[in-house]
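All chains are identified by letter, namely A, B, C, D, E and F, in their written order; residue positions are counted from 1 within each chain.
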Amino acid sequence: MRPDGREPLQLRPIHIETNYVKHPEGSVLISVGDTKVICSASLEDRVPHFLRGEGKGWITAEYSMLPRATEQRNIRESSKGKISGRTMEIQRLIGRALRAVVDLEAMGEKTLWVDCDVIQADGGTRTASITGAFVAMVLAFDKVNQQAKFSSFPVKQFLAATSVGISKEDNVILDLNYIEDSSAMVDMNVVMTGNGEFVELQGTGEEATFTHNQLLEMLDAAKTGIQSLIQHQKDALGDIANRIQLGDE
Amino acid sequence: MRPDGREPLQLRPIHIETNYVKHPEGSVLISVGDTKVICSASLEDRVPHFLRGEGKGWITAEYSMLPRATEQRNIRESSKGKISGRTMEIQRLIGRALRAVVDLEAMGEKTLWVDCDVIQADGGTRTASITGAFVAMVLAFDKVNQQAKFSSFPVKQFLAATSVGISKEDNVILDLNYIEDSSAMVDMNVVMTGNGEFVELQGTGEEATFTHNQLLEMLDAAKTGIQSLIQHQKDALGDIANRIQLGDE
Amino acid sequence: MRPDGREPLQLRPIHIETNYVKHPEGSVLISVGDTKVICSASLEDRVPHFLRGEGKGWITAEYSMLPRATEQRNIRESSKGKISGRTMEIQRLIGRALRAVVDLEAMGEKTLWVDCDVIQADGGTRTASITGAFVAMVLAFDKVNQQAKFSSFPVKQFLAATSVGISKEDNVILDLNYIEDSSAMVDMNVVMTGNGEFVELQGTGEEATFTHNQLLEMLDAAKTGIQSLIQHQKDALGDIANRIQLGDE
Amino acid sequence: MRPDGREPLQLRPIHIETNYVKHPEGSVLISVGDTKVICSASLEDRVPHFLRGEGKGWITAEYSMLPRATEQRNIRESSKGKISGRTMEIQRLIGRALRAVVDLEAMGEKTLWVDCDVIQADGGTRTASITGAFVAMVLAFDKVNQQAKFSSFPVKQFLAATSVGISKEDNVILDLNYIEDSSAMVDMNVVMTGNGEFVELQGTGEEATFTHNQLLEMLDAAKTGIQSLIQHQKDALGDIANRIQLGDE
Amino acid sequence: MRPDGREPLQLRPIHIETNYVKHPEGSVLISVGDTKVICSASLEDRVPHFLRGEGKGWITAEYSMLPRATEQRNIRESSKGKISGRTMEIQRLIGRALRAVVDLEAMGEKTLWVDCDVIQADGGTRTASITGAFVAMVLAFDKVNQQAKFSSFPVKQFLAATSVGISKEDNVILDLNYIEDSSAMVDMNVVMTGNGEFVELQGTGEEATFTHNQLLEMLDAAKTGIQSLIQHQKDALGDIANRIQLGDE
Amino acid sequence: MRPDGREPLQLRPIHIETNYVKHPEGSVLISVGDTKVICSASLEDRVPHFLRGEGKGWITAEYSMLPRATEQRNIRESSKGKISGRTMEIQRLIGRALRAVVDLEAMGEKTLWVDCDVIQADGGTRTASITGAFVAMVLAFDKVNQQAKFSSFPVKQFLAATSVGISKEDNVILDLNYIEDSSAMVDMNVVMTGNGEFVELQGTGEEATFTHNQLLEMLDAAKTGIQSLIQHQKDALGDIANRIQLGDE
């Protein structure tokens, strides 16, 4: 039995509230259990220096937590004057994951800024950020598409992420909350597309190791979880999901 | 007529949702029109270096905006590696205002960290932060008071803040939204207590000046607005407002 | 009786030495009692990014203290690698105050850099900086005006600043020195023009509050002080004050 | 055929020169093809703040490249004043990987600092760093063990790392050099122990995705490569490898 | 003939005004021609970490220029967030030079902070800083000595500094002003004691070289200049110079 | 007798391995006793801002030490986020020294970046860096010259550097190792050309002073050492030394 009474392969309750803030082109408030993240997608009409004149777009992500999103208050990274390694890892991961399902040529020379701000944390903030950021991105592209049609809609596939792990009792578990995450032997973040391919896979033994069979079992659990998350994304997007004809049908 | 149809001395709609996030001792989501701020109050069992052994507490505030709280996306201060002058001014103001109505001796050697994170901005973010932070602070003190009684409840007075100004049409207006703020001749932030005394008063001619009579007229408008804001605070606090016997009755 | 024997509404002795350093277009050494500030005004033939092509000028101020301007040596902000909130507040205030009495269009696309460096501090460094910076600015504009006439002289009004407060004995006092400032209940900085209008007003209860009547009494005191300071500015400017026909006559 | 003529599953030539620099407790110069890294292991008699009094040790890694380790000169991170996200990711990975095969209790309250400085880069610098750092670590523990016996030798398993990927021609390849890495569809870093378990697995589609079968094929390739790398480590360690009775026999 | 009409081996006019600011234990305003530096000496009752418990003192210097000390306004190092290489070189030089003539044991566990702030620059700011800082240091030690006698007066020798160089016309010249400094082939700073020994010697060919004979000629010029500077120091110190029995008689 | 058995005026063994790393245009590994430095020279086809359009080149140097180049591990400057005063002094010295023997006009609008990375330190790292950097620079210019002839070969003179000092036993000694350097009374770095002229001379009494005669004796020792170092440079350069007809014959 898990600390919050879930089955080993059961996700926490998911809610995705679209257009949560008014200024960004796309935004959501995603809740995965007690983990809550505001994801905003902002389109800017230029690309970073290294892409100028290439005729393609770019996607970049930033991630942050409010100081008291966690049990103990954290010092702001703006006060420290620098961004932690953990933050950098996460924001690089989010950006890379989104770029994998986007046709950057179809974007034209635009940059999509994705901001994931965790307002309440209970484990799995990076995977919730990816799952929410995908929806915010689709909303932003859809909004801009209505004003000035893209050559084709830039998003090629659905995309979601979850965590799997091996608990200290040696069970494979899905969607770890903070307590589980702190004590797990192995922790793996999996990012997959709507057609069941991998985009990113990061498995780490925490002062521990894992076997080939345990790996396969964790990947199966992740796949089930991600299919369910993508269904929630489709529900949240409603007509937009149908209209844009994503390639996973 | 004002851009959003209000009367000159009419506040925007106010909502204060208490206990908005689960980890902090006290928290609110305050909305003043389209301006929305998450205010969290965290109590820590130690004081800054300069107060050690003095037997009194300290209150410090931090303020930030999500990058896309505004019409144009702002670069994060953590990415820039430093905090802007504007942010510093605001967080110093919030901390100073709260300290003016708190009995620091009654707190004991504790620090109250107040975090004001603007998730949507439409003018008046600093005054909304003060008004919301006061409620979060009372909630935090109340929660701690239930576990380990303070010698006396540390909050002495209600406290709220609003802005007043002189519009480009030369009218005194209350609670400026972003459009009004951008074009006002004079902008004044007023922080007052429940018994009608001033805590802070910051009036600035924006490449303009103002007369003694205009000052008096603005102060009257501010007073009316603040009385209304304090009523909203009392409603949000419910029984806690009654129980703690604030000194303004 | 005040610590240095002054009457409640008496200013400290004022001296303004013009052209104190040779390189800047305008400079003064201003002494207000034992507070001494070197104010330099430098004109640069370009404007910040946000004003390019607008056909108007800009004024920006920087403020600093020598490490041993104070009783205890302070660590340099260059050594700390960042500017304190207090410094930012002060330099923003100085710049804003000067801009309120200058016709930025008449300046053309130039930036005036005002540097206020406190070499000895005894309270009131920010208001002494404004009073001195005004004179340095007029000297700089006059010097440039002799070489290449402005369309009209850019300075519209005299401008000076002083502090008022409520002492711990509950008296309204003018021009607080360091000892008074440290113990005052209320501290207010007032910036006014030669024709008696307000430019900036910053009143703060230091863990205290103040009433409407106390506010009015403090404003009266400030007004008297500022009239006297402006007379010192005129004396220091000599013929330049007459020639430039400021709008306060 | 690969750019340098290798078979798809062939490693580049490996050389490990032990005790390459004189001051560190352990050091190697590892060459994997043209990638050359100096790995130093330094033991310090204290642990970070969060571990004081816990009776266990800590391992932390730092990674850097000489500015001209690469085809184009890179700006030093010390000149930029901050460490890039890529550097942070790599040094966190190296530290985590080493900690997975060390008995931190057996270390006592010591910190092992591992410095990986790339003097020439041709792809695979992070996996070469892990493979070399493991040897430097064993040398350092062995040296200290000779002076003051550990309760048991702290290293539990051999550990090495390599990269695998899917080339743009859709082949699974082992140990990618820089040219291959730049054009690969998928890039995966694998860290394994001497007994064939995973420590870390980081697979990334570069604007691409990969299937379950491709994943299995890449893991097979990685396993073969790592067994060969561990044989090179044993050869480099000589008697030390035998004497310390690592748990993989 | 030199730009300002001096003979090749003639110093500029020297003025040393003692006790220029009121808070520091010792201070001077030194003028060497148009170069003007405020030198302050502050004594603190503790030593840096690396000297604790050693029973000896430390001397450390900081150097800065007001932004408009120069013909073109310089950006403040506090705004840049870091100290330039030039500033670091100079402040290390000043500290090292002063330490060479002080008996650090006689100081006890105290730190002398020397601040050299250039308010007007016309070449030779680092040598003027050393010459002025020496006087400020003696004043500070004398003041503290009157309150709490040192075991012996800590200053062992007089100390002054000047620059010499080879002009573009190939003449050896003494005490270069800014114009001469900018065009000189060779520039050498010399720090000497009252008994004619060298403390520091820094000679640099500016995209040029110099011979052994030129070196000897420059050293002769420097020696003459330094003797004259030390006479000015003695005049400024008055009785203090006599009373303290410096070792150069 | 010296700690390592050398005569007072005997250099340590010198080795210069050319083309030590493959990417830079020129590189060496120089060993002076146990001091080992990788020197790389990189040519870039543009010049710093202040030289654009002047038709001449620039040379700039950077210096760093691996953390465990020394007996005690040093914190990386990239981790500290800033470069120390010592590092800045050294890299400014290296750049200035190289520029003194190069015809910057002959370079055209190119920048030569010289990186000196100390992998093992035993005293004299800055002088070893200059001696090695000179060879790396000549190799880089030679390589570029073969592809696109310079108007004339930019290097005018050989250049090398060494240290001399006065030991605590009051002897003049050449090429101080770390132990000697730590205890020396006087330490002097000398940079000279192949035709025996001075480029840079930095002599420092370490809480001590030195006489004119001691200076002359140290300069003689330095001259002998530098002649020997230049012979090693010629041997390392082989034909390149002959072909390029440096001006010292």
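As a convention for this text, a contact is a pair of C-beta atoms (placed from the backbone, for glycine too) under 8 Å apart; a residue touches a chain by one contact, two chains touch by 3 or more.
Computed from a predicted model, the values in this text were never measured in an experiment.
Here the chain-to-chain distance from subunit A to subunit D, counted in touching steps, is 1. Each chain gets a centre from the mean of its Cα atoms; the one farthest from the centre of subunit E is A. On a Cα centroid basis, the chain most remote from subunit F in this structure is B. Centre-to-centre, using mean CA coordinates, subunit B is 29 Å away from subunit C.
For the pair subunit C and subunit E, the distance between C-alpha centroids works out to 34 Å. Centroids of subunit B and subunit E (each the mean of its C-alpha atoms) stand 52 Å apart. Taking each chain's centre as the average of its CA atoms, subunit C and subunit D sit 61 Å apart. Residues of subunit A found to touch two or more other chains are 81-83. The cyclic arrangement of chains, read from subunit A in the direction of subunit D, is A, D, F, E, C, B.
Interface residues of subunit B facing subunit A in the complex, by the touch rule stated above, are 21-24, 27, 34, 36, 38, 40, 42, 44, 62, 64, 66-71, 73, 76-83, 87, 113, 115, 117, 119-120. Taken in their complex, subunit E has these residues touching subunit F: 82-86, 88-89, 91-92, 96, 99-101, 104, 157, 188, 193, 196-212, 215, 219.
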